[in-house]
């Protein structure tokens, strides 16, 4: 049993990591930190972990762990990761700190200086279906954003096919748990509970992440207008991606791209009608597309807290540690 | 046209007052205050009022108004009301400051000293269906709480009938707008959006208000266990009230109590199946009951921001000012 | 007072017409039909109309009315309208029967023969902001679809500007009341209540309607991929429309198009952030756009049962009958 | 590995059984029937089971199974169970067919004759926390209703304590998946999606089931007024149960009853604030109570499809087959 630490255990992704790791056959949760809840029992804070997480939150992560998940707000991980790596502890960062390989791009979209440029350059982008081999050998993995995961899974294969133009409109819809546990005007129920709220249009930080990862996979830099929307549900993302077929390409030419790309994947499935409820609670994602004339709409769904965050992080851990890739994640979505 | 002021125009009840008053035939909104938004146009803050509220928020209410609605958090009105009344301006307070006639009860449930005891004693409890005549002559009306209005409309006639015992269990469910516009952990969508959350059990301030008003109307002091629940909807309250029939009373003895009590009321209706959607958006309430053996459940529904707050306040204003009681309020609920 | 008939009064748009007309200063509801509920009191079927609709549903509409709204499923109106028009009764059809001016287009998208081709040719498309003058003189108005209204309001001015290409992706999201009152697998709460469901991709009948109306207004035929989505809310549509700027056009060139187009409109408003809750319950719509590089996203929101159906029909009636255009509709949305 | 059959695999409880059993260490799903979907692959009907359920729906259950779950509407199981039992196949019925031990009570509440009275008498009521030993030796288990499970877990220990009176008011709230997969007027999203709907007041079939089970456990027959409400969420029940303390009993006398009763239970937990989201997706339930003066409110939460149906059925199977009681069910709720 390998020992695992979680930095930032109070938040949604930290709790979700515990929900998944407590049933993982190859690891134990040795340490969970929380600035706010240090000294409290984990299951008193997260009552759903009663019987599954028999430890207390601490201020600092213990140093006898083999791997640490950093589940903190943006800007924290870059202060924690260098010393962890120096101590020989592998790291998976669930924040945006290590996602952008290009420092100026990072600083432009995140609005401040990056203080760990060296590790930024070596960090591996943790999307297993596209970059599995890189993840296997990595000491530091940047876990992708939730919107980014959904969108990249839909866009990368189409872009790689060479059959669509590089202009992409992405109309993405997310459950509110993607906003994290801190209350805000936008996630206040009277504001969002009976509406759908576009926000961060053209300025959301997943935009350059999507463009970077799609280019890494396909060799082609897309030009993405990314429009996120807050949905009145708790878990789940639907990313609807709009493409134009190149001249001479017919709708039927793109129909089997997803089935071909993801045929052997345990967690990503080509289906006729991707449905959020089919994947909620699980690490599975579904993709599907429909083409008419010269236009394509591709749909991608996942649970933002699982395949869009903590589940994908566990999947990356499995690859980094040499476990079965599906260990601790091999169960279906709720369906209903 | 009488001139009206609103103190506290940024919040939900302040905005709702403007939504109703902007179409009222006998008044104009002369002044709306907001500490936070002073200097901004009302319709820039409340975009739904575009074309309907052509004024700016100010720091202080103008002194040429005939009546002021105080739509501020608890504890503010008692500082504003004395000088307004001294200036001959009638007041309707939508907060809890003037609801309890008994000072010790106020101080026990609200946890601080009341600084305007004199006006507290004279304030009229503004529930028109039960205390219409008192409201007509009042200079200061304490507008009832939302849960309280729903619950009292159901409980008072039954208690007055003398056919039920004085022990009442109230299981009340409210939409989230009842919590006001300030985000909190409880109204954060991931917390409340796919759940129902009991809270404030036995400690909610509407408990003594319900007991006081039911006693004022019926002459009998009920003993109420009040259990509020946060519903994942924005507008609407369902108050389910449980009673025990006195020995020898048969279910059919209580069946027509609501129809009899509310036969001539413009806004409260006895119906077989009270339904939130039938009244949302309007000042209407519906009540109905079912009795089996020695047990009764009574249901009461209303829109917490209209009949449960701003609409009822306008109804009180109509009575205080000698307008038609239904002026500005005479339209049906959304239905769907 | 003019006399009004409603054919199909049980359904959502029929009930909504009654909700609006019962407060209209210039008309009275003289007759409401319902095959299912004939003989029942309207307010027993629609409890929200208690006190507002003092009549019974009948099998047939009375013949002494001045104007009839036909609020029936597709395919019914074409059997009712010819004799009504022959009797000198003006008609507004809320279904799709008279929306398409081109018979083959109608028959392709609706899948059956049109039996009233003559009136189909003369019917006026009832979107007042774009075709006001035509509506004023019309005897038969085809009330636009809900998605179509939202989408056309956003697309027509941009297309007319000549600054964008003719390819449009429309990602539209609707509340469930748009599906009508008949239960179905898709509107079953466990299916749709915690999800967002794309459906009818590329096959929805509002596609040709949008293309037709935008071309009528702008002179340019757009090529639309229309993707409707079912949202887990009851009322409200957000239509997000994606455009590409023509070469040489800058984002700032399109910024004021909506403000210019709709400057004097009572019901359509250019705002920075169109929000469903601002318009729910009312006949108002909001539009706004954001442009980045060569890409534009335009947002349009409305209440699908009001500006997207019954409210717009009343607005058309007002024009046809020479009433004030805003009569019966001049109130703001709920806001919260 | 034991072989399991599921009769009625298309519905929610049938699908949920497959979701749980596909990961169970001791069984394999050998046969799933569906009248409607016979011949189709299970994962084509339930896309969330893709990769987890590699079989086709059949008309009849295969006869080489060790145990059959009957997940059909009320009235079907009594036709299937006799021959299965005769063939030596154990049965767990998820419908109401075998829950009432008293034939007249069954026939009164279900409205038709019971055709398998013999097995009705021997069927064991499958609530493990209260009747574990009986279940271990059973060939036929009647799986409790969802509301009933939640309510009995809250009521039985209090009643057994002898500290409360026998009159109980139960205000229960359920997610819509409890209504099954067939669309209806009540589960139509526009009806239920922004409301809470009381229904079946005093007539719901879980009423006598609650009374029976509480009496079996406590020796005291309670008199229950059961008021179910449809909540606008998909999964989850909150049952709020109201009691009166006997004369001389103090609130603190009842405080530890749940902690004492359920101290060693793997799936039922006494917590201060039972919360639906803590248990959704899992077989866990939470109970808690608050007492004031002579009144008590007890809260019980569970996922109606898991602990309220299929999960509890698997728990019963584990007991009947001698597996570890938690096999296949030992994972936490979603939490968020």
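Some points to look at:
Order of writing sets the chain letters: A, B, C and D. Residues in each chain are counted from 1.
The rule is short, and it goes like this: a residue touches a chain if its C-beta (ideal position, glycine included) is under 8 Å from a C-beta of that chain, and two chains touch if they have at least 3 such contacts.
Given the structure is predicted, the values throughout are model-derived calculations rather than measurements.
The minimum number of touch steps linking chain B to chain C comes to 1. Taking C-D and B-D together, the chain pair joined by more C-beta contacts is B-D. Summarising the inter-chain layout, the chain whose CA centre lies farthest from the centre of chain D is C. Centroids built from CA atoms put chain D at 39 Å from chain B. Remark: chain A and chain D have CA centroids separated by 35 Å (rounded to whole angstrom). Taking each chain's centre as the average of its CA atoms, chain C and chain D sit 45 Å apart. Within chain C, the positions touching two or more other chains are listed as 12, 177, 190, 194, 232-234, 273, 275, 277, 336. Those residues of chain C that touch chain A in the complex are listed here as 167, 169, 171, 173, 190-191, 194-198, 201-202, 223, 225, 227, 229, 231-234, 236, 238, 240, 242, 244, 273, 275-277, 280, 290, 292-295, 297, 299, 336. Across the interface of their complex, chain A is touched by residues 12, 175-177, 179, 181-185, 187-190, 192-194, 232-234 of chain B.
Those residues of chain A whose C-beta lies close enough to touch chain D in the complex are 12, 15-16, 19, 22-23, 46-52, 177, 194, 234-235, 266, 269, 271, 273, 275, 277-279, 281-282, 284, 286, 305, 330-336.
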